Amino acid sequence: MDVSMLLQFLANGVSVGLGYGLAAVGLALVFGILEQVNFAHGEIYMVGAFTLWFLGQSAGVPYWLGYPVMVVAMAAFGLLLAEVVFLPTLHRPFETVILATLAVSIILQNLVRLVFGATPLHIDSPLDGMTLELGGVLFFGQRIFVSVVAIVALAGLVAFLRRTETGRAMRAMAQNKDACLMVGIDIRRVTRITAAAGAALCALAAGAMAPMFDLYPNMGTDVVFKSFAVVIIGGMGNISGAMLAGLLLGVAESFASGMLGATYRDGVGFTLMIIMLLLRPQGIFGKSVRV
Amino acid sequence: MRKPALLYALAVTLALGATAPSLAADIQIGFPGPISGPASFLGQQMKWGAEQAVEELNQRGGVLGRKVSFIMQDSQCRPADAVSAAQKLISQDKVDVLLGDLCSGATMAVMPLAEAAHKPMIVSISTLPEITDKAGVGGNKWVFRTVPDDRMLASVIGTQLAQTKTISFIAEDTDYGRSAVKLVKARLGAGAKVVSEDYVKNTETDFLPVLTRLRSTKPQALAIFMLDQQGFNLMKQYTQFGLKMPLVARPPLLAPLAKSLLATGKFDGSWTVYPYFDQYSSPANDAFVKPFVAQHKQGPHYVAYGVYESIMVAADAIRRAGSTDPDAVREALRKTDYKGILGPIAFDDHNQSHNNLMFVKVEHGKLAVKLIPSQ
Amino acid sequence: MSAISPYFLHIGVMTGIFVLLAQSLNVMLGYSGLLSLATPAFFGMGAYASALLTLRLGWDSSLTLICASAVGALSGLALGVPSLRLSRHSFVIVTLSATLLLQLVASNWIGLTRGALGIADIPTVHLFGMPLAGKSAWLAFMAALSVVGVAATWLIVSSRLGRAMIAVRDNEPLAIAAGIDPLKIRLFAFACSGALAGLAGACYAHYLSFIDPGIFGFSISESLLVMVILGGAGTLWGPVAGAVIFTILPEALSMAPEVKSLLYGVLLLLIVLFMPQGMARWFGRQVAAGAGTGK
């Protein structure tokens, strides 16, 4: 077996995996704190990517500026989602929110298709084509960037949840929603912030990864399925679990498609998910907004 | 007494209007296609090809003194929707000739409808070989195909690969991709070794694992079967990996996006076999391409050519038949000897034409085209 | 010479298929309070089962249709056993993932399904050797099957098991106290749902004569959710009305698929947000502590 090939599989897998983790962390956060599965998660990613495209290719804003602007815009979108979906349904059965976010996802996919058309679009990034070689292993600029963003985002999120008062309020709500009322925590405020944070994290992933891929209105479907797999493997609501599970998935996929064939790539996520559900439904790390 | 009568008359008129057949004056050609959905940009090209064909025919006085028009119904390339669309075209719009859909699955689903309704049908784009097998003698007499099928493309590809000893395949995991790989594998030279065979879902954008493996296994050639956008991503990542083996079979070298990549010189030696290429210059092709580009600011894609050519062949057959009577048109189609853009179009006993193909090779960062006969 | 245009007959046949599918979802969503996105899975399983049994073994449709139903029911059980143990959120995700997984398997198990090439030339339904020829015959057949489907649904929900389903949906702790095993009842619901969808799938396969792995796609769930919820989940005729309206309306308005989908999304969002009664009736278990069937 060619060692450099194996190392390359590992390097590829780590960067892809961190991307998966970053994309899934928002989903895990929203589930952990609001106990809601956001079926529109993939579409937030997709709308973020299209917004970045619009800023860059249509409005001529450079990538380094467009990226943070887009993340802020998507955080605002998260707030909108909170107002329209999460807040009105705070005391309603879970399935209501699932259906509502499913409806939102259908609406967004079709709106984007009507506005932008179905031709795949492409975002230019200053890191296009940048390749580094270290010890026979290739590293690609954009992918390194994704890994860095993922790690920094996770560190930032953990610090926020541990050190700030809002963060503590969010963790409290994850533990016991009813007790929050007794302690004077404003559930509505926490809901808004969580939704915004979840959307922002998703947008961070979108902005970092979109230049590597093509944009099309259905692209959120792949993202949300991978994120579901990651969150189920890591444990619903577990933040670091999501990142680690994402890493695991990325590396497993890389080796599986590298050694067995590209056809098996998606099967890996499903297999791991099924194994996890049969053997340990709470995921590797269990449910908790544990940091 | 007047008002009710007026209303009655109005109601009757409306009822008649709703059930009346469309004006018989126009000769109508109908086809299903992806107006919406993931392949809609190709559906757009199909429409443009039809528009141009119909406009040219009408400028020359129409066919049999009648105007020609076309109707496109949305199928999203899905078999069930294509059946719905075709049914509408046959029963509601009462088209004279039906064309196939973009995707082979959708076209196959429509073929039995044409047979049941006794409607001549021309497959203008789909390349699945089974369509040929099912048409003509011993099968569906009403279906004809003006474009080559994948078997013909595979034969030519196989001949070009006669000297290649080791080869890897990457194809989209669809009926097209799987069928194409199977056909080419069957035609490789004796002693050729297939190093690897990967199928990727057609929305896949990450080819790193496969390219990593290829960096180690180093086959002599990498055969690619995928659509332009996906293939272009593959080409980009290929350059990042610093791979050297030529891309062969059906890489998207012709896509406008690929031009800048080709200019880097990293793809010299790569080649592709295509049923059509807009940048091939010949009097016939220029006459088709120039007005198209002037109108749409883009070159015609293969699908636009396919639809255009098929409408022309249909018009030619109707002219020779002297009417739009289905049996007469079908007989006329069988006897077709039409001077097409790439060469003569005539149908064998499976109603399949054996049009010339284009062999395009990258030399010094540029594309060199030549026509080759199909086998 | 048929007085009715084949196009309208075609719409009629598709409506019949959707009535069966709507009742399938109705049993899960309406009567059992389970948000299952797995209907396409059973639909596809039934379609492939009937197609393969007819083409490979030459069985008469009277047999293959029953087998397709059985395959649908078994698929329901196979999915139900692992998924019902999970929390309600994971349940929804898993039912959705099941359809994707089946699509993957159908695409790659080429020896059985011919993968992406699909299965073509599926003969029309042959009942005891007599073929269903022509669209009028098919319309009559689907109309009959729709009646059978609705009658079956009525029989199921008015039976003792059906009432147990509704009891579990409305108040699980009380149902348990009354001696009902929620898991068994829900598995029964899964099986019934699978049977109906499997039958619909078989009809679809024989009618269109061509199926491919795309049959497991999510888009029919989109339509079904609107048909069932808008029509009235948990009622017998509501989903039927929903199926009829939402098969005919998009065709009549010649809506572009995107506009149709957009409309469905908006309708779904509006009803979900502004019809608290409807939702509470089906998903009434929110009173129970914990996430649901499993923890």
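Couple of notes before you dig in:
We call the chains A, B and C, going by the order they appear; numbering starts again at 1 in every chain.
Simple rule for what comes next: a contact is a pair of C-beta atoms (placed from the backbone, for glycine too) under 8 Å apart; a residue touches a chain by one contact, two chains touch by 3 or more.
The structure displayed is predicted, hence computed values, not measured ones.
More C-beta pairs in contact connect the chains of A-C than those of the other pair, out of A-C and A-B. With centres computed as the average of Cα coordinates, no chain lies farther from subunit A than B. Chain centres here are Cα means. That of subunit B falls 35 Å from that of subunit C. For the pair subunit A and subunit C, the distance between mean C-alpha positions equals 31 Å.
Rounded to whole angstrom units, the spacing between the C-alpha centres of subunit A and subunit B is 38. Counting partners per residue, subunit B has 36-37, 173 as the residues that reach two or more other chains. Across the assembly, subunit A contributes residues 113, 263, 266 that each touch 2 or more other chains. With touch defined as above, residues shared between interfaces to two or more other chains in subunit C number as follows: 108, 258. Per the touch definition, subunit A reaches subunit C in the complex via residues 31, 35, 37, 84-85, 88-89, 91-96, 98-100, 102-107, 109-111, 113-114, 221, 225, 228-229, 232, 236, 263, 266-267, 270, 273-274, 277-278, 281. Only residues 35, 82-83, 85-90, 92-94, 96-97, 100-101, 104, 108, 218, 222, 225, 229, 258-259, 261-262, 264-266, 268-269, 272-273, 276, 279-280, 282-286, 291-292, 294 of subunit C touch subunit A when the two sit together in their complex. Listing the residues of subunit B that touch subunit A in their complex gives 36-41, 170, 173, 196-201, 203-210, 212-213, 215-216, 229, 233, 236, 239-242.
Here subunit C touches subunit B in the complex through residues 5-7, 10, 14, 107-108, 110, 115-118, 120, 204, 208-212, 214, 251, 256-258, going by the rule given at the top. Across the complex, subunit B meets subunit C through its residues 35-37, 74, 76, 78-81, 83-84, 87-88, 90-92, 105, 108-109, 112, 117, 128, 130, 173-175, 177-179.
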